[in-house]
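Next come two complexes built around chain A: one with chain B, the other with chain C.
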Partner chain A sequence: MTTMLLRLSRDDRPILIAALFILVILVAGTAYTVAHFGSAPLLSPTYLLQQLQIGAFLGIVAAGMMIVILIAQIDLSVPWTLAAAAMMATSIGGPLAIPTGLGIGLLVGLVNGIGVAYLRVPSMIFTLGVNAVMRGLMVAHTGGYAPQTAATELMKTLAAERTLGIPNALFVWAAVSVVVAIILQRTPLGRYIYAIGNKEAAAYLAGVDTRRVTVICFALCGVAAALAGVLLAGYSTKAYQGMGDAYLLPSIAAVVIGGTNILGGRGRYLGTLIGVVLIVLLNSVLSIMDMPEAGRQVIYGLVIILMLLVYGRGERVTS
Partner chain B sequence: MLNDLAIRLRQNVGLATAVLLFAALYLLYNLAHPKGFSPAVLVQNGDEIFALAMLAMAQTVPVLTSGLDLSVGAVMTMVGCFASYLLTGAAGGTPLHLDVLGLHLGLGTFPDGVGGILLGTIVCLAIGTLAGFINGCVVVYGRIQPIIATLATGAVYIGIALFLRPTPGGKIDEDLNWAMTNSLGDFASTLHIFDDGAAGWFAPFAWIPVPFALLVLIALVVWVPFRRSVLGRAVYAVGSAEGAAYMSGLPIERAKMAAFTLAGFFAGCGGLFLAIQTSSGNADIPQAGAYTLNSIASVVIGGTSLLGGTGSAIGSIFGAMILRVISFFFRIFDIAPLLQPLFEGLILLAAVSIGALGVLRVRNTLELFR
Partner chain C sequence: MADTILAPQAFLTLSGISKRYAGVRALEGVDFACDHSRIHAVLGENGAGKSTLIKIISGVVRPDSGSMRLAGSDVRFATPSAANAAGVVCIFQELSLMPDLTVADNISIASPPRRFGLIDARAQRRRAERLLAEIGCEDVNPLLRVRDLPLSRRQMVEIAKALGQRPKLLILDEATSALTAADVEKVYAMLARLKSEGTAILYISHRMHEVEALADRASVFRNGRHIETFDKGARSTADIVQLMIGRDIATQYPPKPARQPAKPVLALENLSWEKHLDRISLTVGAGEIVGLGGLDGQGQKSLLLALFGVLRGVTGRVTVGGREVRPGSPAAAKSASIALVPEDRKTEGLMLPMSIADNLAIASLAALSAGPFVDRAKERAAIERAVTRLQIKIGKADDAVSTLSGGNQQKVVLAKWLMTEPRIILLNDPTRGIDVGTKQELYRLMRELADQGAAILFYSTDYDELIGCCDRVAIMYDGRIVRELQGDELTETNIIASALNIDAAAGNVHAQ
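And then the complex of A and B:
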């Protein structure tokens, strides 16, 4: 077992361990439900599909976040990009709703990218400022209340309905996943992204327009957050204040648990998928156990530390 | 001599800008305020500034090591929740108990009176310091990136705060609240020292708000000695070139440990004051997040580089004060509350973008990537 783990490449090991941990969560959760209620809802496909449907929104946000983390940056503007896309999509309505929402995301992403790539402001602070501006714009737009506008039928269909028994949101998540995986593994852009994450100066000297790639990465992240916002508005039939707040930290956690290096340059998309599933299942097991918010937060933090202690340890700097 | 001064100024250009900006903004604020330049306004501002200023100091130290502490808001919240149990000042002491997993464990009675308040203060600050120490252990011995390690420990601390205060509540001794959130004169009269604050030599200082006095005291007694110690220098060295610091035989691990522990202590001071000021404990997750993010903004505005190695906690205090004064302006200039978040964001973006205009002067593009 140990030798098998060691033989895996250092990018695959986290993915396998996280997958094993998902099994542990499922077994422990099922043992709990069998002991307390005499049933095993965690193993029923209906329940799992329902949980994954909720997880799809986080998964889409995490896909965008991963791209930005791979180039050693971070996007803290996700919460209000998501909310702004949802609010504008519902208030425009009609066939233009979804393009408007995605356009907002693209715009925010471009602003983030230009600030980080050309002005060289640290992404941690620039995206934080953009998040505050988006929040300000939306508060001014809605008057601080939940907007009265409703999601369009198409948004509801994409987010809440099912085709052949499978939630449509899962199809959207799968499509996003395929696109991101192809970008990262099969296109020059993907190579550039990993190269910039490892050493931007080296990538620049090798002829990569690193600043343009940085802008593209932030734009992709913005669009992903906007898509999640549009779907979430469809799922809950309307947009509301603070709808994106619950997605920032879990999306970063999912990316990191999936083995992506927070300093950039390393990590596979499959890991991010597994990381999202892990967080979603952990949440649903905790809510089945009727765990109060206090316990959830503690367990959540301990799980992240534990997973990283197993495979996320950095190397000592010695030269 | 003059040359020396010029060099020093160039080294601290971030700090100097922050101080000048704050002075200009605060002067403008007082000129525009109907009761400007009065002790009452100063006291009110001091109370509103203190917690953020402490969190900005807390954030500075890990940032100097080119780390980041996303748990400062959580530590503040947790310490505040502890304070709302330990500093009630109830006569006869406060009975403490722990209800966990259906068990009811009595923990004895926490003492009352001045001794109880002193002990409670020490315990609260010790809890904050311990939280910072744990962060340091996870970062140094766990070798997990600070940003993600403190994200996780922050969740744990918020969990503990929620466990202590599922709903806002608790109480802080009224005299303590009064003494800490007013002027030094009120502080002295509450404690019955210096002839109840009427002593002749004391009069020139009596108008100074306690929070400002505390801020100066903490900066002089904790930050300045640390900055000048071997460990403090090592913190700067680790931030500017960890490899070189290692090769020079500096205590890298101890420096990082000290940085996070000190951050916990400062955040604990902030949490303690916030609890005293609001007279309650509140495990408010959005508030904790807002304080953490504002602490990062304060650090940047105060002239500390997020890449580490340059800057100071003093600059961050001014950064925090600038952020707060900007929000004071909304009150006097009668800006619609709905537009306030927008202006806050725009000002933050403008501030960091102006600071970034140096990129226009770069002759070799390679200098941009470091």
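And then the complex of A and C:
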């Protein structure tokens, strides 16, 4: 098997390893449930679709995060971009709810992009600051209490209902995925993104407008986070404080587990999809096993480290 | 003279020292010696091996073969600090000071005076004051941050720092290039004192009058070899220049077409940038290859970067085909039909891990797109054409560009730009580290492009190349164009003389 892995291109190897690990999770989880309850709920389509529906929110955030990581930046403002979009969408309400939410994401993304590309502040610091600012603004807006406003019907439909038995949120995630995959593979923008992540100086000297591309990447990430926020508000019928906090680290983890280089320039969108599925399934299997929260966190963290060690080793073997 | 009473054995002896960088020869079988109580100048063109020589002596790089003896015993320095411990101290061109520490901190950085294990700030300050006084720089406050000092003062601090290590062998690599005339005098006085105290001094400078004023002995290097060592006065300036040029195996250059007055495509008027470019005026015509010559670091690279929109705060006028342009970024320069092959192909020219195809297409994706999408068929065809035209030797276009040889990598950089069909091509030392065969292909290609109407501005550190390729060569010195050479004037003697900013006519008189 090792030789087979080595023969794959270095972008494909992590994807395959992650996919294999998903199988391991499913098999181990099923073995556990069969032994303890005598059933295999993990393999039922209903259960899997439900997990994917939950995964859709993370998947949409991760799609945006991947774009920013590919240009060797990071967006730490995702939690409160997501929450702010959800809160503003519910408080505006009506047909303008979703455009308002997405507009908030676009705005935050543009601010991030301009801060990083034009003001030359390291993205780790700038987006962290923006996250705090957004949080402050939202506390001021809601007075610190849970917002009383509710999600619109359209938001609920998109996030919680099903069409032909398939959750609508999955369709949204699929649409986002198609758009991101096409951007990355088929457009000049996608090429510029990879070029900047590999060697920004070389891309700049090749006449690529690196600052504009950077702004666009952050804008896309902001819109993706906002879309996830709008859907999440629809799913839980309202927005709430801290609703985005659970999405920052898992989205970064999903991108990296999917084989995208955290230093930028390398990675395929398929990998991010698989990374999201892996994280969602891992979480759910650990909760089925009745693992206490503390143990879940430890295992979750160890898995991420382990996966990256495996990728790193493969790299050294080939080079 | 005093040296007759010294031991006959030289203080530092190098025998058979060779060093290669990635297959390129930097030094080959060098034998070299220098004595106590002497100032020994090391001369040579760019790339002659001077820098490698001092890096080996001071422990920065290790030689591939050969041995080194210092004060009668074999040494092999693993690190610069090992060399320092043996009394070898080097003042490098690039300043080695830490800008956010004080002058006193910097001077004692390697081994600060201590009290109870902690740095004794007062003793450190007194030490700095004493050392600065030794080189006549009492006016420098040791408690200032180095960042706040002007460049010439920083250089003096650097010298004080070196003195503090009590060198037995002091190496100065262009150490006076940033100094004011008054400071240069102080440095001369200091060197004379050190010499009288028995220190061996290696002095690297491109300023011939300095060498004449200071050196007791000089060694000329060329192409990684030690050519000759002679005492002061044994050779005239013209002789020395001749030694530096030497005679190399002739390279084939494509014939130059008979020159007709070319229509200027690129015209610069009074282009200035900070201290590095000083009122540059130059024209490059369609079909013309204009060289930029001179010593390293006289503003040639800044000029190319200024034209390509990389530098901020450039003043003056640039016209392309008669229309004024203000390239504010490489993207803008590209739309003004300017292309640049940058200095370092590995970090500036290529995205090494990406495929050959991606690297080739990156500058012309806009033209290869239909609507918002890259037209893959068109892209593939364009890449194929470029590969064929430049005869780039590749396996698959999808292989990483890092798998190619240096010469083929450089062809990829050039091909990338040719795909944008530029009218003006700026080349920053494109043949550095490239094998002879590929070099000749590049020369041919340059001439071909010029014949098709491109205007080429070509910076090279290799004088031979400038003479062989260029219709005209502008020699730069200290940010200015000091001379334009063309036709019969285009000789190595003239180029070197102008590059050193000495009177070429006088040099010629001596030579005859």
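Here is the rule we go by: the second predicted complex is superposed on the first by the 311 of 319 C-alpha atoms of A that agree within 3 Å, B and C clash if a C-alpha of one lies under 4 Å from a C-alpha of the other, contacts with A are read in each partner's own complex, and residues count from 1 in each chain.
As a convention for this text, a residue touches a chain if its C-beta (ideal position, glycine included) is under 8 Å from a C-beta of that chain, and two chains touch if they have at least 3 such contacts.
Quick caveat: nothing in here was measured; it's all calculated off a predicted structure.
Enquirer: Return fit or clash for chain B versus chain C, each positioned on chain A through the superposition.
Expert: Because the two structures are overlaid on the shared chain, the partners are seen to clash.
Enquirer: Does the superposition put A:266 against chain B (first), chain C (second), both, or neither?
Expert: second
Enquirer: Figure out whether A:191 sits in contact with chain B (first) or chain C (second), or with both, or with neither.
Expert: Second partner only.
Enquirer: Determine, under the contact definition given at the top, whether A:132 touches first (chain B), second (chain C), both, or neither.
Expert: The answer is first: A:132 touches chain B but not chain C.
Enquirer: According to the stated criteria, A:293 is in contact with first (chain B), second (chain C), both, or neither; which is it?
Expert: first
Enquirer: Output check: A:301 vs chain B and chain C. Expected answer is one of first, second, both, neither. What do you get?
Expert: In the superposed model, A:301 contacts chain B only, not chain C.
Enquirer: Let me test your reading of the model: by the given contact rule, A:209 touches which partner, first (chain B), second (chain C), both or neither?
Expert: second
Enquirer: In the superposed arrangement, does chain B or chain C reach more residues of chain A?
Expert: So, of the two partners, B touches more residues of chain A.
Enquirer: Contacts for A:121 in the overlay, against chain B (first) and chain C (second): which applies, first, second, both or neither?
Expert: So A:121 only meets chain B here.
Enquirer: Determine, under the contact definition given at the top, whether A:256 touches first (chain B), second (chain C), both, or neither.
Expert: first
Enquirer: After the superposition on A, what does A:201 contact: first (chain B), second (chain C), both or neither?
Expert: both
Enquirer: Among 23-31, 41-49 or 95-103, indicate the stretch of chain C whose C-alpha atoms run into chain B.
Expert: The listed stretch with clashing C-alpha atoms is 95-103.
Enquirer: Under the contact rule defined above, give the chain A residues that sit at the interface with chain B and also at the interface with chain C.
Expert: Residues 199, 201, 204-205, which sit in both footprints.
Enquirer: Spell out the residues on chain A that touch chain B in their complex, using ranges where they run on.
Expert: 74, 76, 115, 118-122, 124-126, 128-137, 139-140, 143-144, 199-201, 204-205, 210, 242, 245, 249, 252-253, 256, 262-263, 292-302, 304-305, 308-309, 312-319
Enquirer: Quick one: which bits of chain A touch chain C in the complex? Just the residue numbers, please.
Expert: Per the stated touch rule, the residues are 182, 186-188, 191-192, 194-195, 198-199, 201-209, 265-266.
Enquirer: In the complex formed with chain A, which residues of chain C make contact?
Expert: 308, 310, 329-331, 333-335, 340, 342, 347-354, 358, 361-363, 365-366, 369, 372-374, 416, 420
Enquirer: In the complex, go through chain B and note every residue touching chain A.
Expert: 68, 138, 142-145, 147-149, 151-156, 158-163, 166, 242-243, 246-247, 252, 283, 286, 293, 296-297, 300, 306-307, 337-346, 348-349, 352-353, 355-357, 359, 365-366, 368-370
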